[in-house]
Amino acid sequence: MAKENEKDILEGLADREYQYGFTTDIETEFIQRGLSEEVIRTISAKKGEPEWMLEQRLKAYRHWLTMKVPTWAHLDIPEIDFQDIIYYAAPKPKKKLGSMDEVDPELKRTFDKLGIPLEEQMALAGVAVDAVMDSVSVKTTFRETLAEKGIIFCSISEAIKEHPELVKKYLGSVVPHTDNFYAALNAAVFSDGSFCYIPKGVRCPMELSTYFRINAAGTGQFERTLIVADEGAYVSYLEGCTAPQRDENQLHAAVVEIVVERDAEVKYSTVQNWYPGDKEGKGGVYNFVTKRGLCRENARLSWTQVETGSAITWKYPSCVLLGDNAVGEFYSVAMTNNFQQADTGTKMIHIGRNTRSRIVSKGISAGKSQNAYRGLVRVAKGAENARNYSQCDSLLIGDKCGAHTFPEIDCRNRTAILEHEATTSKISDDQLFYCNQRGLSTEDAVGVIVNGYAREVLAKLPMEFAVEAQKLLALNLEGSVG
Amino acid sequence: MSVNDYIASLQRVERTTLRVEESVAEPQVVLNPASLAVEVAAGAKLRMVVVHDDPTTADLRFTLAEGAQVEMVELFRAEAFAEMQVEQAASSRFKLTTVELGAARAAYTINLNGAFAESEVNGVLTVGDKEHAVMHLRTNHNVADCHSSSVVRGLAGGEAVGEFRGMVYVSPDAQRTDAYQQNRNMLLSETARIDTLPQLEIYADDVKCSHGATVGQMDQEALYYMRQRGLSEAQARRVQLAGFVGDLVMQCGCEELCAALLAALEHKLERI
Amino acid sequence: MLKVTNLHASVDGKEILRGINLEVKAGEVHAIMGPNGSGKSTLASVLAGNEKFTVTEGSMEFLGEELQALSIEDRARMGLFLGFQYPVEIPGVTMANFMKLAVNEQRKFRGEEPLSAGEFLKLMREKAKIVELDSKLTARAVNEGFSGGEKKKNEIFQMAMLDPKLAILDETDSGLDIDALRIVATGVTKLHTEENATVVITHYQRLLDYIVPDFVHVLYQGRIIYTGDKSLALKLEKEGYDWLINDYKE
């Protein structure tokens, strides 16, 4: 089809706005800008934390001071002034929340707008939600139902106070504060996040979900998520994120740690839709996230991510396959448009015997964006019969974008069988013509083709999420065929 | 004929610069070059064998004018560090067969600067004991309509390390690029290690680029099959290993050298 | 030639063969039939010495020697040939090279001089005709990119090259079209003499139209439960195995 035509359609579409770009006008409590031991003490005090937690934060902060910003990713990151960020902002509580009715109505409206069914809808959807607005956890639903099974699902702040033994045992056990620059920062200043513990042999009866939202201006968001599936337990966990449209860049440096004990299984699904910046590349969230899971014997961890938002994404959900027969999976769709940049992928560290991993990554680059897959498959000496299969495909839409693949295989055991394949392609004129001929508009055709391309990954998402993800892909693509 | 006999039969290049105006049918041989700059004029064809027998540093540069053709074989028999840069004008063709028989380090950068330029690299790494062999191979598609293919195979035994770093770069204007990169490896001992990173960096959309990498071990089914036909276990192993790397060497375009290289490889494999 | 007595064999601790008795004499053709999973291919693999299987009881005597004491390759060199159901691809190894090694290993085993390149090529050309094998295939890597039919023809070609005493053909007819089946089957018939013996494992009567068996055995649950002559194969084709199995089931 004629390029001109396509361009018109696309340009029209490009004007579509980020749907979640609104801000919420509620009273917010800030602390002073910048970072120092004093600030960390303030955060810890505001949260009423025990002394040991403060000590851990300070230790992390001191270590962070010795670290340098990582520059190895295929990303062009403007210099970040870490003293120009507000490290703690919270919707100002009128009084302690007792029930849903007491939540600030403006806040409730925000979550309604975001389409988060906090109440009755949630029961129907069977999803328990922990919603984090700016820095604090606002509401955790379904707590009683879960408590009957011994499942703990609450904000990490509450967990620190109410389940210190669990937090002490597991926090930092998978991602220590020394791990990397942003993980150290997070360990020092994390404000809130979710905590989830599934006891031995319990199958969590519903999907658990966290919803992150940055609202206040000039703030960074540093959530900390800790999920522990004890022996033989099972949980499926969903995470969604949005942020308002702002001209300045906002920093989001989260850490997610997952402990999958013997025979347990965790599925972790993310639909990341932070504000990506405007068409000109102004504004947007810097999404620098460390996610890692530790799998013991016969454990299984599956990461599924749909990344459509953020100005810059730096994220490698990984699996340490420590126990024999552990299984790690990573399914990813990363889409970038306009001036977005993404450097994302996974690490599969095979340590136990008969460990298996599978990587399916689908990158989609459009506009002037840069999209990289970066992966590492490492097989340690003792990891007899390790198996990995990786498939990393890139789809380019338009000739101003970039698609890159950096998969490393490091194998030290001869019984391993590791395979990596990657292809790069574009939506062919033949495919478009075929769809046009069957009556689809070019815009619909691109949507159909992209969704088909990402299907293998989308199919791994829980139903409600999959629908949302498909819509997001189509939305984010608008204005990209040329 | 051994590799040495073959080399002895060829015309030797001693100079550090060489300009090839007209096609030369017989291969030229270069031994342990510290530095060598070769220019091949438009339409001319050059065949060359480079052998590293000393643990020295080598800096090689090949410039191919329009339609020029170079077929070369590079053989590492000592722990040399060699860098090679290749500049290719339109419709030129560069074909390299490179074999590291043990510890060595080779870094190639191939620039495809003119339309319809073609590069083909077939590489073999074989390491045993505590050897560490490295091969870096970067192919830059700087303009549209070029074609590149790189196939590298690695065998590591003993406590050896085989390392491959590949990069296919496709610049924003390099539409209709056709690039293929493959790295396959076999680990032959409990303590050997393979580290491979085949990379794609692509800034143009109308391209056909693919790469693949595998790490595996000997095919037990194939060993059983061969033994059922009467080959001893040791023989079956050797046949399989020679097959794994041998077919790349077979494509080097020079029959006498093929046989000599295969023999050298087999000799090496017996010691891994 | 071959005498199997009370043979038991297992894989991963699971017993597949549970007391096989079978005697094959020179000049004979035996067919082994039976439903899927009855142990037919296992029997072939165990005779060839596939290390996946463990013999737990019984004996296998071939030309007066106990097979269990012999390696895979020595069994092969003595003249035991297995035609694979799924011939293995060996990348980078040409057919010609592979066969030359195999033929000369066998000659060495018998105390004969290796064949010269010329003699070998002549032998190869001669034998390739038996199965109408495209001579170009011998320049290609072993089984790599061969069609299903070519792979099976290639097995019989190798059998011709190695001239075995006992050939066990494991479902050599599966996946063949009518022409290829005819070529493969006539190839096998041509190679049959009073000095050697053939065991064909098959699901179908149609192969036995060409290779007429002296005995037809039915294998079920790891045992030979019935032995008849060639008419048994026809009856099985018509009536299936149920009438036999039902008798056998308790």
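First chain written, first letter: the chains are A, B and C, and each begins at residue 1.
Rule of thumb we're sticking to: a residue touches a chain if its C-beta (ideal position, glycine included) is under 8 Å from a C-beta of that chain, and two chains touch if they have at least 3 such contacts.
Treat the numbers as computed from the prediction; the structure is a model and nothing was measured.
S.K.: Measuring between mean CA coordinates, which chain is farthest from chain C?
M.R.: If we average the C-alpha coordinates per chain, A ends up farthest from chain C.
S.K.: Once every inter-chain C-beta contact is counted, which two chains account for the most?
M.R.: So the pair of chains linked by the most contacts is A-B.
S.K.: How big is the gap, in whole Å, between where the Cα atoms of chain A centre and where those of chain B centre?
M.R.: Averaging C-alpha atoms per chain gives centres 42 Å apart.
S.K.: Using mean CA coordinates as chain centres, what's the chain A-chain C distance in Å?
M.R.: Roughly 57 Å separates the two chain centres.
S.K.: Where does chain A touch two or more other chains at once, residue-wise?
M.R.: Nothing qualifies.
S.K.: Quick one: in the complex, what on chain B touches chain A?
M.R.: The contact residues of chain B facing chain A are 172, 175, 185, 187-217.
S.K.: Show which residues of chain C lie in contact with chain B when the two form their complex.
M.R.: 48-51, 71-73, 75-77, 81-82, 84, 87-93, 97-99, 101-102, 105-106, 109, 141, 158, 162
S.K.: Touching chain C in the complex: which residues of chain B?
M.R.: 219, 221-222, 224-233, 235, 239-240, 242-247
S.K.: Residues of chain A touching chain B in their complex?
M.R.: On the chain A side, the touching residues are 74, 379, 381, 394, 396-426.
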